[in-house]
Amino acid sequence: MIKAGIIGATGYAGAELVRLLLQREDVQIVWYGSKSYVGEDFSYIYRNVAHLTNETCRDDDMAGLADLADVIFTATPQGFCASQMTEEILQKARVIDLSADFRFKDADVYEKWYQIPHPAPRFLPEAVYGLPEINRDRIRGARLIANPGCYPTCAFLTLYPMVREKLIDTDTIIIDAKSGTSGAGRSAKVPSLYCEVNESMKPYGVATHRHTPEIEEQLSYAAGRPVTISFTPHLVPMNRGILVTAYASLTGPVTAEEVKAAYDKYYADEYFVRVMKPGLVPQTRWVEGSNFADIAFQIDERTNRLVMMGSIDNMVKGAAGQAVQNMNLMFGLPENTGLKQIPVFP
Amino acid sequence: MIKAGIIGATGYAGAELVRLLLQREDVQIVWYGSKSYVGEDFSYIYRNVAHLTNETCRDDDMAGLADLADVIFTATPQGFCASQMTEEILQKARVIDLSADFRFKDADVYEKWYQIPHPAPRFLPEAVYGLPEINRDRIRGARLIANPGCYPTCAFLTLYPMVREKLIDTDTIIIDAKSGTSGAGRSAKVPSLYCEVNESMKPYGVATHRHTPEIEEQLSYAAGRPVTISFTPHLVPMNRGILVTAYASLTGPVTAEEVKAAYDKYYADEYFVRVMKPGLVPQTRWVEGSNFADIAFQIDERTNRLVMMGSIDNMVKGAAGQAVQNMNLMFGLPENTGLKQIPVFP
Amino acid sequence: MIKAGIIGATGYAGAELVRLLLQREDVQIVWYGSKSYVGEDFSYIYRNVAHLTNETCRDDDMAGLADLADVIFTATPQGFCASQMTEEILQKARVIDLSADFRFKDADVYEKWYQIPHPAPRFLPEAVYGLPEINRDRIRGARLIANPGCYPTCAFLTLYPMVREKLIDTDTIIIDAKSGTSGAGRSAKVPSLYCEVNESMKPYGVATHRHTPEIEEQLSYAAGRPVTISFTPHLVPMNRGILVTAYASLTGPVTAEEVKAAYDKYYADEYFVRVMKPGLVPQTRWVEGSNFADIAFQIDERTNRLVMMGSIDNMVKGAAGQAVQNMNLMFGLPENTGLKQIPVFP
Amino acid sequence: MIKAGIIGATGYAGAELVRLLLQREDVQIVWYGSKSYVGEDFSYIYRNVAHLTNETCRDDDMAGLADLADVIFTATPQGFCASQMTEEILQKARVIDLSADFRFKDADVYEKWYQIPHPAPRFLPEAVYGLPEINRDRIRGARLIANPGCYPTCAFLTLYPMVREKLIDTDTIIIDAKSGTSGAGRSAKVPSLYCEVNESMKPYGVATHRHTPEIEEQLSYAAGRPVTISFTPHLVPMNRGILVTAYASLTGPVTAEEVKAAYDKYYADEYFVRVMKPGLVPQTRWVEGSNFADIAFQIDERTNRLVMMGSIDNMVKGAAGQAVQNMNLMFGLPENTGLKQIPVFP
């Protein structure tokens, strides 16, 4: 039995962790952390788990939790996890951090884009970027996982084989991404109100979004050289789902079959990555509620560009599901344990 | 291994059966029936199961299917299942019919409300109305299950204990119900188009909806006398979910605790029925994607009426999930096998 | 030129007043009141009017505004308008209050349901309930208008002719109402977040909603005797629109033609009330963005009940549009001046 | 009084023309053309205009209509308008065609992208591309207007000043566009069903969409040389609205003020084009129901690219509103006559 603690359990990502872990017979949630709801029944706040748990929410105490848990998930604001991190905690429990605190190898990048000093740069070297499709082996042995951002997960999986195989010119990459509103979190802000989001669409963080350097760092590793991208996220009136449409110039003539083969080279054996046949396009509804990433592409011969498209559920493969996938690897379990949920449609 | 065949697999309810059964290790789907898509890959039509099955759709052939399957689900238009039904089929396979064909004991009621002659009234006596919370024992031994309608499931579960305990005057029952749009099915009709449904709400089938006699028949059994109701369904711009708001005059003074106790008398041990504490209200999001029914009530002292409220996911407890629950009972399995999905929120 | 001031201009109802008044050539908005945004450009907050006005928001000052304006609209929280009201203000400007402060003749009812002491009961006698279809003549001469609530407007217009003509038993009235989310206002609350509202539906304020006594008071005037009702509002995932489904027992045998004639007796000459032919149902999309109220009915012979249905746009006929309709009457203009917007569909 | 006839009045664009024209006192709709609903009341199909018109729908007869009308709007499938066009019709009435029939100067381009032979290439030379902000003078004197497509209108207005001023490298233009679902029209197709569109997002027509050559032709005129673009439209779960996010490399160093000035050079005096201050982004809700186009931009110094963003209501500025704007010009009226509707929010 894996004992799991969640700090930030009443945010959307934290609550999704609860949904995924509460159904498992080999995992016990020992800690529902929520600064805002200390002492309240978790199932009173998230009634989807009514009658399934009667635990109450506890205040933040990562050190205390480390004594109880085998694994700690932190679904908390930027800076929290790093500010609490100690060697003692890591000796007692594995930590999977869903914030950006340990995603960059260079603390300067973090501080530049997140505008806060990094509270614990000494742990950056050992932290493993938790994208199992790329870093599977290193995740298995890690003590500290930096769970990837939602946009970076979708963008990277969509672009990785093309960059790795040098099919595209990395100086020309443009990523136009669209996300459902759960990505904005559960805090009470006017721009997240139903009437402000519904029946509308907007770009945001244009040329300044914090996920830009995260995508760039990972793509740079894949390319073997620094990659700079244009990245524009958009807010879409739906609860869940991220769709990435990426553009880049082809480095040479290539057929759809060759592009497909390049994707298959990396993903054919991946349970969670479904590369679509040429001519198809991803739709977020086909992955909703699941840990799948659907990927497709289209060669645009008129412009000699490749259009690459990917979709994930931002709450699952983009957050809680990927965290559980990492946990499975860290505890020697089959990677898709408890993650075989079939997408819910309609 | 239970071998299951689905006729009408490419409708929304049929596809939901696929979602629930495909994840099970003790069930094998041996037949994806779809008159409209014969020969096409099922996973090409419902891409949520891409990479999870490579079966193709087959034409309707219930007799042929009976040779292959232990259980047949018919998620088909009214009249189909009854028109195909034979004693031979029932000797070979259990049948769970999601249409209305076998829901009424009296063929005249069916013919009056559905405006088609009943093709096989001889099977009506043995058919069991598949609401496990009420008919559990009879379902276990049944060959032919009439899987309840979505509105009747929600309405009946909401009202049943109150009627049974004679807390309400059955001459005063008014049921105002609201449903997501998946209940309208997947056929291409102008009124089901996105732009026609979105940002709007409407009543339909006022005083004439076919689920009226189904609710009345079941409530009459509970009351021990004929019950006539007012029933008004409404179309709501959301994919899934049914909400029932029911009104009736109280037969005498009663406290909230007494009403709660009456509900608990019938549902305290039911896994899928969650009676809420006094003062709470159900919301469809708390049951979405799951087989739960959430039920609540409010005493209105000013009018001496009881307001009873219930919510289900129309595709799960209102259709495919309840069908699987019936299958579990028929095959001697724990009733919630494969049905423990936690509602997906947001 | 009518000089109009709006206090509470940055709430949804206030901004809807701006939308309706800014397009008029016979009205000038002289005051955009907004406590939260003092000094900011109104068109920066509501960009729909970008380039159409460059006024900035001003702090609350009803007495000061009375010196500038011919008419003051208060789209403010309960208690504000009454707390500011003076004889001097009413001598200088007409006041149309969109809150509940002056809707009840009896201050006790207000204090019981709104749980605040009434700040200015002395003005209650002269305040006119601003439902033009009923109180047209009194509105013309009024200094102080209590603009009706959204649910009461829709419920009352739907029921009024039936009550007045004694076609229904007023002891049996049940009103099940559904509203879009703009009715919840623009304040930043978790329950109003997109992800909390979208893909869900819920009842709220069951047996306790503050619009109950308002509906009862007006229906009592129509009936000539006290009327008590059951009223249940529901939150629907759409921006605008209210749908009322009301039930009552018929007092005697009646045909659809007779019911239609009774409705026509009161509404045939009303520009904004559109009584539908028997057999039709209202849909909120057919009134969206407009000041229309669509009304329909269905006789349920099996239960001897009448089902009455009505729909309005809660922001227009349920708030700002009706306020403008009242203003038109008060200033001797054709009642539909500036209110002929055709509903926007889809 | 301008007598206007609409062929294809029961499609979404046709019905939007009705909404815009029916409110005008200087226009009379003399023909509601609808092949599908011949003889039925128009207001029975589009109940938003109930009680406002009692005209019935008529069969297609463009020649007959030319005898009655001063202006004919054809909101019809590709190929219809051109197949009916004659010199006689143009001598009797102005024609504003909302289809693509007359948008290209080269019939080969039409035939290649639309896959149908052009029925009347002889009228291509005289047809004027009806984008008033660019072709105002030629529109005034035209007999035949090719009303622009929705995506091209938004894309072109967003890019035009940058191309014209040579601020961007036209070889690097990528246009990622997103549209509400009304753009898919009112025909009953499974992919347009509520449950298929809601809570999902998808790209479509990747590298093959028919609006590509239309955008290219107009941008080529602006650039003075052939322009080839990448264009990807996406379907968004909302009724109305188009958002364009366009990317291109800057041709040299430029400040935000300079970019803004370049936009203002072309649009400062345009009533319908609202260029936003640097730092802002367009949102479709701010133009919904109106003829406005909101345009913004962001310089991305890291990549030396310019991100250009624009939004329109696809039914208004992207179809019916622009058609009316053209009509106003053709009949010597102020261009914004009947088009001053303020966007409806929320």
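Letters A, B, C and D mark the chains in the order given here, with residues in each chain numbered from 1 onward.
The rule we apply is simple: a contact is a pair of C-beta atoms (placed from the backbone, for glycine too) under 8 Å apart; a residue touches a chain by one contact, two chains touch by 3 or more.
As the structure is a computational prediction, the values presented were derived from the model and not from experiment.
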item: More contacts between chains, A-C or A-D; value: A-D
item: Distance-maximising chain from chain D - centres being C-alpha averages; value: B
item: Gap in Å, rounded to a whole number, between the CA centres of chain B and chain A; value: 36
item: Inter-centroid spacing, chain D versus chain A (mean Cα positions, whole Å); value: 38
item: Whole-Å gap between the CA centroids of chain A and chain C; value: 45
item: Touching two or more other chains - residue numbers and ranges from chain B; value: 12, 182, 195-196, 198-199, 237-240, 283, 285, 288, 346
item: Of all residues in chain D, those that touch chain C in their complex; value: 12, 15, 19, 22-23, 46-52, 182, 199, 239-240, 274, 276, 283, 285-290, 294, 340-346
item: Residues of chain A touching chain D in the complex; value: 174, 176, 178, 180, 195-196, 198-204, 206-207, 228-230, 232, 234, 236-241, 243, 245, 247, 281-285, 288, 298-303, 305, 307, 309, 311, 346
item: Chain B-touching residues of chain D, taken from the complex the two chains share; value: 12, 181-182, 184, 186, 188-190, 192-199, 237-239
